[in-house]
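Let me begin by presenting the structure, written as structure tokens, before commenting on it.
As written, the chain order gives the labels A, B, C and D, with residue 1 at the start of each chain.
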Amino acid sequence: MSTHDRHLRVGMVGYAFMGAAHSQAWRTVNRVYDLPARVRMSLICGRDESKVADAADRLGWDGHTTDWRRLVESDEIDVVDICTPGDSHCEIAIAALAAGKHVLCEKPLANTVEEARQMTAAAARARADGVRAMCGFNYRRVPAVAMMRQLVADGRLGVIRHVRAAYLQDWIVDPQFPLVWRLQRDRAGSGALGDIGAHIIDLTQYVTGQRIGGVSALTETFVKERPLPAGSSGLAAHADGNGRATGTVTVDDAAVFVARLDGGALATYEASRFATGRKNALRVEINGSLGTVVFDLERLNELEFYDATRPAAEQGFTRILVTEGEHPYMSAWWPPGHIIGYEHSFTHQMRDFVEAVATGVDPTPSFADALQVQLVLDAVTRSAELGSSWTEVEPAVAAELAA
Amino acid sequence: MSTHDRHLRVGMVGYAFMGAAHSQAWRTVNRVYDLPARVRMSLICGRDESKVADAADRLGWDGHTTDWRRLVESDEIDVVDICTPGDSHCEIAIAALAAGKHVLCEKPLANTVEEARQMTAAAARARADGVRAMCGFNYRRVPAVAMMRQLVADGRLGVIRHVRAAYLQDWIVDPQFPLVWRLQRDRAGSGALGDIGAHIIDLTQYVTGQRIGGVSALTETFVKERPLPAGSSGLAAHADGNGRATGTVTVDDAAVFVARLDGGALATYEASRFATGRKNALRVEINGSLGTVVFDLERLNELEFYDATRPAAEQGFTRILVTEGEHPYMSAWWPPGHIIGYEHSFTHQMRDFVEAVATGVDPTPSFADALQVQLVLDAVTRSAELGSSWTEVEPAVAAELAA
Amino acid sequence: MSTHDRHLRVGMVGYAFMGAAHSQAWRTVNRVYDLPARVRMSLICGRDESKVADAADRLGWDGHTTDWRRLVESDEIDVVDICTPGDSHCEIAIAALAAGKHVLCEKPLANTVEEARQMTAAAARARADGVRAMCGFNYRRVPAVAMMRQLVADGRLGVIRHVRAAYLQDWIVDPQFPLVWRLQRDRAGSGALGDIGAHIIDLTQYVTGQRIGGVSALTETFVKERPLPAGSSGLAAHADGNGRATGTVTVDDAAVFVARLDGGALATYEASRFATGRKNALRVEINGSLGTVVFDLERLNELEFYDATRPAAEQGFTRILVTEGEHPYMSAWWPPGHIIGYEHSFTHQMRDFVEAVATGVDPTPSFADALQVQLVLDAVTRSAELGSSWTEVEPAVAAELAA
Amino acid sequence: MSTHDRHLRVGMVGYAFMGAAHSQAWRTVNRVYDLPARVRMSLICGRDESKVADAADRLGWDGHTTDWRRLVESDEIDVVDICTPGDSHCEIAIAALAAGKHVLCEKPLANTVEEARQMTAAAARARADGVRAMCGFNYRRVPAVAMMRQLVADGRLGVIRHVRAAYLQDWIVDPQFPLVWRLQRDRAGSGALGDIGAHIIDLTQYVTGQRIGGVSALTETFVKERPLPAGSSGLAAHADGNGRATGTVTVDDAAVFVARLDGGALATYEASRFATGRKNALRVEINGSLGTVVFDLERLNELEFYDATRPAAEQGFTRILVTEGEHPYMSAWWPPGHIIGYEHSFTHQMRDFVEAVATGVDPTPSFADALQVQLVLDAVTRSAELGSSWTEVEPAVAAELAA
């Protein structure tokens, strides 16, 4: 069978923001990269029949369903792509793996450590049958992030001394912003912490090759009661001064913590949805004994690199425009200086996922990697609950790490 | 017939850099925007059978051909998209318009004023039959550029005093870079001037709503002889010191000029492929009596705006991240702060083109607009040939402007 | 007596980095500002006769001495300016106040809370006799910082949600950098924490008008043994592998902590001398419900201000060049856009000090303000010693605050 | 006689903006640099007795006079520092040189080429007697500019291809800004061109080591009639619609030109007082075959350097913070990262001037260098008058160049 005859038939669960981003990537990946298999956008699943039908039409999926179990068990699906809120990840992923489907699951892997453990164990079992599982920390595939990783791995930063990471947004600064699912613990697990804090935890551990050992954390919910979204139901509703139905915010608006990495670095982390003016400001700076790198997701085509081995009078932060053919993922795109956008990180993710699945290799980050992030999130939550006391990150047990 | 049943069947001529960019846009436009017609990527044309077959497969076109006349005359094509070098634009466009096809033609419209005049006249004739023609100055559709245009139109800059425009690249700084078609006058018409200078001429005239009245220009070819590209033939070949075949560069490496706009502003323009370190640096600054805007294509999601009507102590350049739903074209994409890339300007262009064609409106920029850019390019060339003497831009005649 | 006849005779103790900076400011202040008294640079004191004589000559002091007690008690001195390492601040300041001299003391006020308490009490006693005391947190007088303070005070930021402060340097990244006094606890009190951390503690409390209530902190000494400086003596010396004498670093290289401010904001703080590539990078960002300000000492003439009350499509970070006559301290300097430097913060400090003393007003920050900073430093140190446990900042007692 | 006994007694003519800046520099230079002579600020001269007396007092000059001839001829003056408007430079400088005084003259050297020639000839004659003359293009002494010069001289940029220079201000955008002397041709010679355009002409020629050979220029006076300043007299006055006395602006508001440098580079230059939002924005970019440098006076402590000989994936613009001891002029100032301001360029200028005079060496830029700038200004003016025709820069004759 020639390469061009091989197909991966994808079924995607969820069709909101992440569903749209994944669809764009599935649609694009074979048009840009030469891969050992072709993606078919076979089936999309959502709970609302009319909406999912529209989504299938608009986003370009061959069919749709409202029954995720049907999708997961279909003989005409090779890959299950999970883009739902965190509360359903565990059930869907475990069912899909059990059905022998390769799984790509959005981050955070789960809403609890317990779920993440179960998923990691399921992935370990499925792996014996050649079934692959990956968690969608898409920012690993931003070319500048991949380049950071390479610079550290090549020893260009020397011994890592500091990690300084923040992921700042401001979309709920207005107290009238409604109580959407991302502000409800039972759906989202946590607030800024799991949604965006998870990204910087994964990204910094990935880039440095080190793990967070312990944390002292503070979290805060600045606005504790919000209007219910239009058409919402089932929330324990109160009313505000104007008689409008409101509900209680049950997740954090912001989380900050200090940490030690297992290689000896000191770190600060911050995730917030209350950083006025910061829209999608994932910023990471890593200082090593030989150099420093700085990354800002709002300028994701750029990487700042300070090389302390250069002549003293010429040292400085070099703004590298990461758009050259020499840079990770970029040779397939446009000429130098022609920038790419947010969505491209998903196309790169799909490239690596397709390649791994088609060639029988484990894609990364694995579910075990994502479990480890979950354990850090858990330590942060526990530290905050204990009045910002020092809290060590629980180790994943051997069986799970083997996954 | 419902909106969803209406299709526009596109045939594209050319499959190199521009062909790939246009394909990505045709493929994406209906997935992101709700439009009155659906694009079908029907036919792609190129001179090399095997290469165009590969391109059709990779880029996602239903069929391919090596005969552009067949494509232009096919009953199964509604739109002809011309992505070839400038020397074939005129013939293809005129044939397509004559065959009643809507035409989208890459910039610069033509290699000579004479050709551009013929094309503009052809577009005027076809228009009587409801056939539409547009030139692909895609940067007009960068959201920040569209926003600049709006700020000027709203009077936020007051009287325009200065335009400062440069489009800088560096891909031929190395004298060993080969003599590709873009360095040959008979294929490309001119060098940096027509390739990238055309963009800043169009963009600044579009944003300010003013036209360049006259220029004093200098052009230069810094490296006059280059190695022939592998597999090239038909070039008047010489040999360099190492016995390698070389050919003469027949276009400009760089062009600079000062200009007066018809609204009274002074302007400087620069287009160069010898600006070391500048990869795709289209930079425009416009100073008005009430404010200033600054744009840089390498950071195309940002617009700097100085509003001189603000309180004195708070004035400054505001870096607007042009990723909000309120910004042009952006409501269909990702949440605020999630940036878009170079290729999105083409998707926006296709959106406007499809909408115009489907609703029977003339898209812009028209061929007449593009002819006017050609007349500026011509004035620059003549000024440079006459030792940088002041040269007025020739007016387009009425019949052509009517197009 | 006319204003111009009134003089303030200054005696300065110390002549190293801070001594030079203060001298430049004392020399300049009356040349730039119109003040109710004239400064005379009367006497400079240092321990080494020959060096202090040179310093007097070079820096422009009328006389010199090696005996700080003589300076403090001299009838020909009105103001004592203390620029020595922290271990001598307490003794000199208390003696000077007792002798009826106005005192300007460099930060941090002291090496311990106990000393700071004594000094604050002494200042309170002296105040009854019209004697003034001030601590030299000079960055309060950077125009952009003063402007930040004003924006917060005017309510332009709304409710403060986040403080993000770092003061990063890199001058001891090299393990061969010698064990200078700033790396010895008995001289300097602490390392990065007291030297540069004190600045961001003071600055953020000043700008927000809020105080740090508690902290969880980590500190680290990355390089624990360093070569002794040339000519050093009295240090408990070891030897390195090359037989060179080394000594133990007894202060922190870096300190990081999370904090709650008493107005409800979450904060992160970081002070490090191991941030490769960061030379004097004091960076502060403050997010409020209505806006954000960002400051970077390496670009001290600029302030970024995000005003969330502006129209949505025009919001962004405005880079205000703080060089207008409308900006604090700036009307006396150069035309707009002509930037000032680091040393000007001292000139501004001297302006305010001279004006306060001459008009009988208490200058700020007072010793009580500086004691409060010391109490935060102490909480950080204790938290770090207790394994990053949450540690509340001890309140200053009433008598001291009255100072 | 020991070094410390040697004095240079300075007499300064003028006490406005430049006088204040020079005073600050004269006062500071010996406090920071170890020099072979000590400056005495002996005498200051201005036309208004009361104002010059105040200035002497405030700026720290020993004496004052209203008679510049007395100053120039005084036996107690070694150096004459000319800070007056351009119309008096020639007379004062020639008289001072004739009297055997070393002369530092502000730029532009004169209001006309003819005057500049006379001054250059006078300097050549005086030189035979060991009398030194220098023109005050102070920006040559900004450390980042000196570093640019060195990089070019060391061959780090390779062959220079492009110069892109602009000096932009906005202080007369408001049509109600009055008709001050800088807007009157008989006092100032020209407008933006001579005032700020002269700086970028000198700076770029200095940095590249090349001279401008010819230009095509446009100039414009956007606001042709302005209110008279309070207390003005002797201007040909009209009246505006409100009956206020107005006068005609007789200089350019802005000048733009393209140029060829004698080493083959293409250049664009722009000087404007109508660039809204640009306060003191002298910006220069120089592209060479091996690298690029970028400088911005509003961030004068920074230099961007692109080194195209670095590995491809690591190339980028390196933001060098020019505050290290290794950088020109900086070892005498503060630790790395502690920035300097506008006025420091004058202190550096005085350092080099004092050193040159004291050691019997010719300081630079010489009057001949400044004459050459004047010849470029003249070519620009003539080109603009001739409708932007190409105009070659007249060569200085041999006798003058010998100066």
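Note that a residue touches a chain if its C-beta (ideal position, glycine included) is under 8 Å from a C-beta of that chain, and two chains touch if they have at least 3 such contacts.
For clarity, every value in this text was computed on a predicted model and none was experimentally measured.
Colleague: What is the chain whose Cα centre is as far as it gets from that of chain A?
Modeller: For chain A, the chain whose C-alpha mean is farthest off is D.
Colleague: Distance from the CA centroid of chain A to that of chain B, rounded to the nearest Å?
Modeller: Using C-alpha averages as centres, the distance is 37 Å.
Colleague: If you average the Cα atoms of chain B and of chain C to get two centres, how far apart are those centres in Å?
Modeller: 55
Colleague: Roughly how far is chain B from chain D, going centre to centre by Cα mean, in whole Å?
Modeller: Going by mean C-alpha positions, chain B sits 42 Å from chain D.
Colleague: Quick one: which residues in chain D touch 2 or more of the other chains?
Modeller: 278, 315-317, 321
Colleague: If each chain is a node and each touching pair an edge, is that a line, ring, star, complete or other?
Modeller: Shape of the chain contacts: complete, all pairs touching.
Colleague: In their shared complex, at which residues does chain D touch chain C?
Modeller: Listed in rising order, the residues of chain D that touch chain C are 4, 17, 21, 23-24, 27-28, 30-31, 34, 57-60, 169, 171, 278-281, 297-301, 321, 323, 334-344.
Colleague: Spell out the residues on chain C that touch chain B in their complex, using ranges where they run on.
Modeller: 147, 305, 307, 312-321, 324, 326-327
Colleague: Which part of chain C faces chain A closely enough to touch in the complex?
Modeller: Those in contact with chain A are residues 161-162, 164, 166, 168, 170, 173, 214, 216-218, 220, 222, 254, 256-258, 260, 264, 266-268, 270, 272, 274-278, 287-292, 306, 308, 315-317, 387-390.
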